[in-house]
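For clarity, chains are labelled A, B and C in written order, and residue numbers in each chain start from 1.
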Amino acid sequence: MSKAVLDVRGLKKGFGAKFALDRIDISVVEGEVLGLLGPTGAGKTTTLRCISGLHKPDAGTIRLAGSDVTHVSPMVRDIAVVFEGFNLLPTLSVYENIAFPLRSPLYRVPEAELRERVTRAAEDLRISHLLDRSTDQISGGERQRVAVARALVRRPKLFLLDEPLSSLDLKLREALENELRDMHRRRGQTLIYASHDFLSTAAVASRIAVIDKGRLLQTGKLAEIYADPAHRRVGELVGSPSMALLEAKIRDRTLSIDGYSKAWPLSALRLESLANGTDVTVGFWPEDIDLVMTEAPDFSPTTLWATDFRGRDQAVEVHFGANRVRKVISIRTDLARGQSCFVRLDPAKAFVFASPNGDRLRPEGRRGPGNGVAS
Amino acid sequence: MTMSMDEPPMAAARSGRKSFRTLPDAWLCGLFIAPTVLILALMVFYPFLSLIRYSSLNFSMMRPNVMPVNVGWGNYVDLLTDKDIWQRFVFTGKFVLATVSIQFVLGIAAAYGFQRDFKGRDFLFTVALMPMMFCPIVVGFLWRYMFNSDWGIVNWLISLVGVAKVDWLGKSENALWAVAIADAWTWTPFVILLATAAFRGIPRDIRESAQIDGASPAFTFFRVTLPMSLPIITIALLLRLIDAFKQFDLFLAMTAGGPASETETAAYSLSKIAFGYFHTGEASAFAIILLVVIIGLSMVFVRYLTRLSNRI
Amino acid sequence: MATVDLENLTVRFGEVTAVNGFTMTLHQGEFIVLLGPSGCGKTTTLRCIAGLQQSTSGEIRFDGKPVTRLTPAERNIGMVFQFVSLYPHLTARQNIAFPLRARGVPRPEIAAKIDSVAKVFMIGDILDQYVVGLPPGARQKVSLARAVVREPDVLLLDEPLSGVEEQYREEMRWELRQFQKELGITTVHVTHDQREAMSLADRVVLMRDGKIVQSGPPATLFDNPADRFAASFIGSPSMNFLTLKIAAGGLGVASDQSLGVSAPQEAIDRFRAQGLNEVILGIRPHLVELANEAPIGQNVWPAQLVDAVLVGRNLQAEFAVGGQTIKAELPSDAAIGPTSVLRLPPEHCFFFGPDGSRVG
């Protein structure tokens, strides 16, 4: 039974008239990597700053390894943070940067042990050869590793990474994501990784918390989120490409998607309580949408809008009615803008969201994941 | 793997052992700011409040034992209905306009020139800044001798180009310009400094954009560099206006307010009332009037500035 | 619209050579992407074309006319910078008008040109707003509009999408391609993001340390990389590389010769003739197959599972094979266990020499 390292309940934080965080609940168990996924301005940084103690929350509690640290000053909480930009001390060498936290009077680490821990952290991050350099002589990727080493050398209970990779080259980012996973595997360090990039988060995290506009929309393993997205925004933020969200209306006890040739009876979706005339949004994961180039029974016509070569496959965007769908398909060289394509949507794979607030309308008569459709 | 420092941080905080390094942040701030607050209270707030009180009395510092009579708004009314006082304000206004115009035209032009890197630029820049470092009263005497109608160097120079000698300090219209020139000489470097900083602050991408867009250096300067420098230049303008308004030393040295009281600025007038005639009450009221004018001016500028910075 | 010729362009900063003998011809209307890691010289090359950077040697010609000595203003180019350098004190309309007013174009003509360019970029409704308040997508469009309003010979883009948020980037890429095709302007785009390059380019020019590593259509760089660097830089996730040893029995994994690799005999003979006793095998993760039923043999090996992450609908699994690592991209329901069998289809394997050059 893994013990909880972090338990945040009801976190609220406002700045002046605006609120940045609204009732955030997060818990992280020992050894896990929690991904905090959300667009810029969603509140990821504010959340991390509250957890680390740099901001005082307006309400809520933060418990670290069982003790309440909500009002404890940051230097005393056993948390390490790596910020975007890394915040290395420019006047010190790499060795001194890594050693810095241990020199704080709070810890009073004897010099011999300090040396040993710094060298070990440097080995872990493979920067032992850089220890004597000054921080302006090393590359972006190396700086990130120094920042991580500096945070790790204290062996904190919890490690927070705030979008540490977004300023880096794509290839470097990939390499460092691998290293983070590697490092986590070897040391069992508990991590919260905040990012706006879905692929980056999914590559590193074991569980994902989706946050938008200060609210936590859903937390769970990626497979759970795929099976049961809680909100339309979750569909927009998760997946690459993200969920296809289609405008639809309830008419004559059936659900018709704008531009799609078939309508489905509400009973098939187990949403009989929806009234006629209601507007809803229907979401499909692109992988659940079938797309072909020639007419076929059960397929509805669409127009090809754009193609995007991705090397081993391509992404296409098709339009029908007021709706757009982006999907990844294998490479074809015969595609032209404006040509007809045909899509088939499976009501068993449909997720219905209320419009305009985006809440998921779960099938009636059954609680739990899945959309409960008998196909 | 157990950590050797698992316990200390939390323990130190909980044991209540107050070491200097673990004092709550807020206490430390309070401690550091206390002396400043004390000094401000004694030397700014208290005198200021007293000033307001004096302005409603007909009190004189020279006769502290005489019971001051409360005249309410009397001092203010007397000042604001006095034609001579208004003349002082008009003169001050003209002076401010003259000196600030010279400072900004020359200052911005010089800063424009300093944008390009040329041999000896840094040296020239340092030399250009030197006038700021002179003591105002010294500057006053310096220019007084230079503006002397008989043997002053200014008259000699203009005679070289065939212009007749000018009575600089004897006539108030000329004296206005003479003092304005002296003041501008001292403070144009300030404008150069700020304008240079503003110009340097323009992102390189924008300057390159303008190049690529085909703009000539002059077009770029008037359409891009200057407009984008407006916030800093506005601040400089506000500072120079306030300083010019307060100008005293130069007039003391160069004209002593004469002939008669023609070249007395408002500040000069105030000093005469306060420390010449010792009408402390009246002087206090005058000071408050000046303060209101300056605050009013500043508020206009600050509002304009905030509007500007929302855009840039 | 013009053809651009770069001949032997070299730029040196003191001892550092940022661009080293860059030669290429850009055809009219072509969309070229200069791709490479930081410091490879792509931005320096772009700035040379713009005239913002003087080259140490080499010639640049637009439509055959040398422009190397001309200032940026004289070259008739349009440029969009990384951090969208719009004039913040002006409205969108005034920004777009700026290059025309700078050249003294008469007012009615300016108005007409702005209207036509606003139609292309669909920004008619925001023309009179101050650019500071516009969302990043709109700012990019205004920036592009300003760059093309003069109908320049060449359009230069310096990582214009890197300041844009991830969620808008894909959308803007597609739109950028559309605009470029519609306007037909020869375009040079600089980026370090190979996804962007794949998506936008007619031709990709991959650079490293100031030199061109490979240049060609995106599909060519993906399917036929010129060397190991190109193979690892293009494609996400990155290509797997395994060290192989050439022994008497043939080709096998260096740390475990029992794991054999099939290769045509002429290839192996060629390796030996070149004096190689080690080659690197490259294969992309999505082409590695799970083959639990297949018999172990050449290119079919037992592997220990190290880690598996669900990313999107695919499982990115990491295996240990003979002490080396192979990453595979498998469907989410793939039957992987602590030991599995992997197959590396020979037709998808690349061979590189220890120096990185392509040998097979």
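To be clear about the criterion, contacts are C-beta pairs under 8 Å (C-beta built on N, C-alpha and C of every residue); 3 or more make two chains touch, one makes a residue touch a chain.
Just so we're clear, the structure is a prediction, and the values are computed from it rather than from any experiment.
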Separation of chain B from chain C in touching-chain steps, minimised, is 1
Chain located farthest away, centre of chain C as origin (C-alpha)
B
Between the Cα centroids of chain B and chain C the separation in whole angstrom comes to 56
Inter-chain centre distance, chain A versus chain C - centres from mean C-alpha coordinates, in Å:
26
On a C-alpha centroid basis, what's the spacing between chain A and chain B, in Å?
54
Where on chain C does chain A make contact in their complex?
37-38, 165-167, 170, 173-174, 177-178, 192-195, 198-199, 218-219, 222, 232-238, 284, 286, 307, 309-313, 316, 332
Touching chain C in the complex, chain A uses residues 39-40, 139-140, 169-172, 174, 181, 185, 196-197, 199, 202-203, 221-223, 226, 236, 239-241, 285, 287, 306, 308-312, 315, 317, 326, 331
Inside the complex, what are the residues of chain B that reach chain C?
203, 205-206, 208-216, 219, 223-224, 227-228, 230, 310-312
In their complex, what parts of chain C are in touch with chain B?
50-52, 71-73, 77-79, 81-83, 85-89, 98-99, 101-103, 130, 132, 146, 150
